[in-house]
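Here come two complexes built around subunit A, the first alongside subunit B, the second alongside subunit C.
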Partner chain A sequence: MATDRQSFDEIDWAQIDEETEREISPNFIIVAVGTALMGLVWAFDYFFVTGTYDAAIGMDFGNQYTPTFQFIGWGYDVTQLDWLFAFSLLLFGAYMILPLYQNPRMTKYYWRDMKRNRPAMASLGWLLFIFVIGVIGPAVIKAPTVDLMTKYQPPMFLEINNIYPINCAGDVVGGACQGSLEHPLGTTGDGKDIFRIIVYGMQISMKIGFIATLFVVTIGSIVGTVAAYAGGLVDEVLMRWVDIQQSFPTFILYLLILYIYGASLFLFIVLFSLFSWEGTARYVRSNALAKTEEEYIKAVQLSGASTYRVIRSHIMPNSASSIVTDITLLIPSFILFEAQFAFLGLGDSTIPSWGVLIAQGRSDLAFAPWITLIPGLFLFFTILAFNFLGDALLDALNPEADAEAEK
Partner chain B sequence: MGMEWYIVRRVAWAAIVTFIIVTITWGLMTAAPNPQVQAAVTQAAMDGENPAAAEERMEAQLQLDRPLHVRFMDYVVGVYTLEWGWSNTRNEPVTDALVTALYFTVQYSVPWTILTVLIGPIVGVYSAANQYSWRDHAATGLAFFGYAIPNFFFGIILLLIFGVQLEWIPIVYQTDVPVFSVQNVIQLTIPIFVLVTGSIGAIMRVSRNEAAEYANADFVKTAKAKGVSTYRIYARHVIRPTMVPLSTTMVGYLLAIFTGSSLLVEVVFGIPGLGRTLYDAVVAQDTNLVLGSTLFFTFVATIGNLLQDLVYTVLDPRISFEDR
Partner chain C sequence: MSPVTEEPILSVRNLKKHYPITEGILSRQVGAAKAVDGISFDIAEGETLGLVGESGCGKSTAASSIIRLEEATEGEVIFNGGGRAGRSREGDGAHPNDVTTFDDEELKSFRRDAQMIFQDPSSSLDPRMTVGSSVAELLLVHGMTDKQRRREIVEDLLERVGLEADYYDRYPHEFSGGQKQRIALARALVLNPEFIVADEPVSALDVSIRAEILSLLNDIQEEFGLSMLFISHDMSVVREVCDRVAVMYLGEIVEIGDTDEVFRNPQHPYTEALLSAIPRPDPSAEQENIELKGTVPSPTNPPSGCKFHTRCHMVIQSDEFDLEQERWRSLLTFRDRVRSGEVDPESIREALAFEADDLSAVDDETIKDELRTEFELAEELSDPEAESILQDALDALAEGRMEDANDHLSTFTTPCEEQVPEETDHGNGHISACLRNKPETEHGAPLADD
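And then the complex of A and B:
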């Protein structure tokens, strides 16, 4: 903008009308541009890499391994799940982080509230740590590989009787192999580096959390608003379905589907999110029903706001606190479910997740307990952090509870 | 109108829900290729026979060559008349296998449920009575710990400590000890402990927050003014209204743990209960048993939710039946 200072009569009202009608916010632009860019890369991957890679190098991988960024020497194959993950990160940035920057006053207010809650701050720090390492780590650190020569290396500052490892990477003191920097968290029974598995597991946990949130919030809010606005039979049917879903044991259903169709992380995430949006739908519906009676909604409707606008800028922000709290309690349960299936050996066996590691170390518990303990503690602290955060958000975002506490 | 009509409708709804669940499971099983047929095809291909003929033979044997609606009706009738088929791995009818498994599941789930339902609200109310004291913080910490620690991981650790290191409990569950014997109590202590710590947290939190709301209620002040002891106030006046909202969430919550975590705990401790049966059936590709145990779990969940709603109507007379 070259001319920032406009006088009143120079404003082009027609243009402003047009703009407000189309509602092109910076958030939307970011999402649109980001999605378009991702679409381009995806199209490139689909048309130029997946189809041609095997032919180009003259080997038949059965279109399984197709590194997207081969031309810059990065042999990483971007999967379906990565695209979804990137998309949910984009939405998260545009509609969760950017608004915090756009409304500094409210951000400061919530921040002050949150800061008093020390466990919540520690949890936030821990989750940020997991998030950053999980997103960047796998791009930098090589995937864990099987190497029997380096099996049963102890973590730093620990030792193991030298009969277990074949080749001790650290010093051998009195017949006991000492931990070394080469494998800071030790290795498993087949020589995989635990530190690398933990980093890769972080990304898997974050993928589960973000993609599931994307599905749950989208489906939940659509169903909630449709039920509230359509009313009558539609409302009845949708809410009865929510009832069924609430009482349906998802764990068992997934076990059945896994038995029939086989396991994959993608299927896991999609299925669990498709059967977990009932809380969000309930919140949005009850909020929509309660708020449509409010004066300010009537005022907005009288001044010509569309139903979409009422939902988008009044109902959804009003339901945000319940949804966010619901989600912070939902994500850890997803992560736990994944670990449980991995532990049972029924999960996606191709991914290095924490649950797989816990299961792997089970038979070596007596002499190499760290194989199970380290991922278990990571899992425990991550679930704990989400719970603390959810608890704190419940307090911070719910002014009614605040008022009651002060009474 | 009123309560009777509501109960009738609620029971009818539960019946509809079971029907929907049965339909969904049937749809899932029908849409996917049958593992037994596939195994037969693979076998035929390996033996150098005609795979298509083997497929047809197996389909005829499993009666999969009939029209869809006939198969569906057959299936539904079979489910509701408890003819759940033959379990190939266990060499007995699926219902018999489930009853045997139930015998072991009940042994730990009954004490677990009783302990959770008793201890959870009591600790929650106690923690509300001592709000912001170290006791409250300790209880809150315990609640979060129990809620956050994965049951199966906790079980493994405890098994390592008490089974392998201290040798206080058997590492593998002994099925031949009598139900009411000291050995059985000893070997079930750790699984029950794991499940109770896992399930008690949320109940403690809810009851604490509920009870804290009543701490300054008028009826509590009146009781105090009359000279009622603190113990009696909480035991008689606060715990009752606390239990009402709790009862709406508790059953569903316990059922979620029953269908999820108990399976893991059974696998970790080697208890041959329902969860373990389902797990073994999945691993051994025993379709009838997988389906049978799945249906059993979903039926338990439906009936549990039904009971919860019915109990709620009895507990809280203020509930209105008109809009339900």
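And then the complex of A and C:
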């Protein structure tokens, strides 16, 4: 073939032999740079903001309001959870969203499948909405505050007997206070604006989802692949540990810690995600074992690739779709857990989460049902959306199954 | 096209692959599945050796042990390609080119010289990687960090195997089976190897596409002077592709020789049976169709002597008897089945009684007749002595005395189960392992006139 192109039989391997096989991917660079930047800001927050505050009062109370970006006039206090949230967003962006852009053909292929599923598309839209508002909202909108003067304001287009609110923000028609734009979703019994709580609650739900995913996927994949690849005693020990942990009553441990140290969202998320990776680990292990039998894995091994490369470039991407599906069904259970604990009064009652709001409206159901209903609907639709999306992903992310069916 | 070079590119010596069978918590080894049990052959430069046999005979295990996808239990695989030629054994007898003892570095450079094509094209490509990156990955693994160069090489190669350069960015699910196998071939070629193992490369493809892939394989082999180990269960494909052929049965090579020679003049009954299974386009041609009964015995507990004796249609008679070959085969099969407890006269009785609606109507004679029909034992054996032993055995069986029946039948023995056949050289590298082929044999005529 008379071309001026490079041809495989003209390679002088003796020349190439010394070079390394590792390539640094742009995704990794993004994560590394992002983590480094975050590390800097964290160090600044820890040593100069929180540190000086603690030094000023002479002791560390923890959970103090220490606005990180005071110097530019932004009064947002970045907490431990925010750091974790930011880190998980970084990973999500670099390893979930960026690859979609990097592999346009594959993305298009999935998208074509996904598009046909209307409930899934609606769910995706809803979750995107929750995500965007949840991430940006709390930075822009002020936190809900207690103001007894504005208690029991009804939402727009609803009304309430004027004996409940002290000061009706809207018009009073025939002894009933009408909803107004000032509090579009009404207020609670202590005058907190429900709209703001919903927006803050979105962030809390997203934090629960993302941080739990970060823990579950990281630990689960590592334990799963190590067990599958090491085999023997390591496999045995890890999998028996998974068995033990799966039968461990996390709820009781949570209660115990709660009574000693008090409830916090951080505790909830970390504790429950540290005790929920068993299913993923088991799944990743069995998947890795099944995949090593595939001929394409044998072909890669035959190419002389390292075990790291086999796992990183072939086992992981091929397990990813199933892990994603697994996770979309795991996240809603976390969000629901948080809401249930809040309702039972076992959560952190100071945070503006949907669950806390539902619990708050409990005693006012007779005359102000929206306090419970509005967050309840948000919770319901979010969980429904996750389930629909998980189902659609299961169908879309499986080209092998499709190919089998076409045969 | 017989090998003429002095040093073969690949020489396999007494290769064994046993899978341990373990029991209990402590993984105590209680036995081994002898998937490959001592095979030896050479492949000369530019030559294609066919490895044929039924499924489960160990051909694929042999391939993966040779290319060191699995660690061999015993034996040597000496690979003289890739600038390794001319090295000789060291003082302790170890060969520096023995693939089974390569360290990581040597193994990696061996990977550049020997590659493999797999059977199922739909599972041999990573479904989540573009086919271009799947092929280019090998270049990356071996240190080519220049992305543009990798792409150029792979695009050129895709065109050479009959595809288009812009297929680089497509995914495996966008291709047909034949196209995928071309891509798999490109992947095997991209490191410019000297030796390729093709593990049933066309058996998963449509018949119409087979010929295309086979001729592509042939062209490429000629262009780049590749040596090949071609594994197949399809004798007609082997005849097309291979210069020499090795026939495997239960982990051993029973016959090896030039393809023409083996096809024209098979020396082992197993080869003969495989060859008789090739469909012929001429309907008027008389063809003896040899049917092999039963399946390949389990490699965990292979038969003694010649491993093929449990199914061999040419199994040697003992000197005491003189029966038709067919009856002798039936008799031995019957003996083996009784011995393994698979013959149950009671269930025959019940089945017959069910048809006749009366248990008492089924007498011993009926059962004996039934057994004779089932095992094709004829109404009466031509050898009176054999007939009387069989009669005794059948009586014992009908009366439920299994032990006695077993004892009676044990009189029938064949040298095939006692002696391990040695290799017989028929000249020109044609070797077979069958007791009938020993020149000094007293067990009847050899299989074919030599």
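FYI, the second predicted complex is superposed on the first by the 352 of 407 C-alpha atoms of A that agree within 3 Å, B and C clash if a C-alpha of one lies under 4 Å from a C-alpha of the other, contacts with A are read in each partner's own complex, and residues count from 1 in each chain.
Definition applied: contacts are C-beta pairs under 8 Å (C-beta built on N, C-alpha and C of every residue); 3 or more make two chains touch, one makes a residue touch a chain.
Just so it is clear, the structure is predicted and the values come from calculations on it, not from any experiment.
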Partner chain(s) touched by A:R309 [first = subunit B, second = subunit C, both, neither]: second
Which superposed partner A:R105 touches (first subunit B, second subunit C, both, neither): second
Subunit B versus subunit C as contact partner of A:T372, first or second or both or neither: first
Partner chain(s) touched by A:N318 [first = subunit B, second = subunit C, both, neither]: second
Partner chain(s) touched by A:A299 [first = subunit B, second = subunit C, both, neither]: second
Contacts of A:Y261 with subunit B and subunit C, given as first, second, both or neither: first
First (subunit B), second (subunit C), both or neither touched by A:L40: neither
Intersection of the subunit A residues that touch subunit B with those that touch subunit C: none
Residues on subunit C engaged by subunit A in the complex (per definition of touch): 64, 67, 69, 107-109, 111-112, 115-116, 118-120, 122-130, 134, 137-145, 149, 152-157, 159-160, 169-171, 173, 184, 187, 189-192, 224
For the subunit A and subunit C complex, residues of the former touching the latter: 1, 3, 5-9, 11, 13, 16-21, 23, 103, 105-106, 109, 294-296, 298-306, 309, 313-314, 317-318, 399-400, 402-403
Of subunit B, residues touching subunit A in the complex: 13, 17, 20-21, 25, 28-29, 32, 144-145, 147-150, 152-153, 156-157, 160, 164, 213, 216, 252, 255-256, 259-261, 263-264, 267, 278-279, 282-283, 285, 287, 290-291, 294, 297-298, 301-302, 304-305
Parts of subunit A lying in touch with subunit B, wherever the complex brings them together: 240, 243-244, 246-249, 251-253, 255-261, 332, 336-337, 339-340, 343-346, 358, 362, 365-366, 369, 372-373, 376, 379-381, 383-384, 387-388, 404, 407
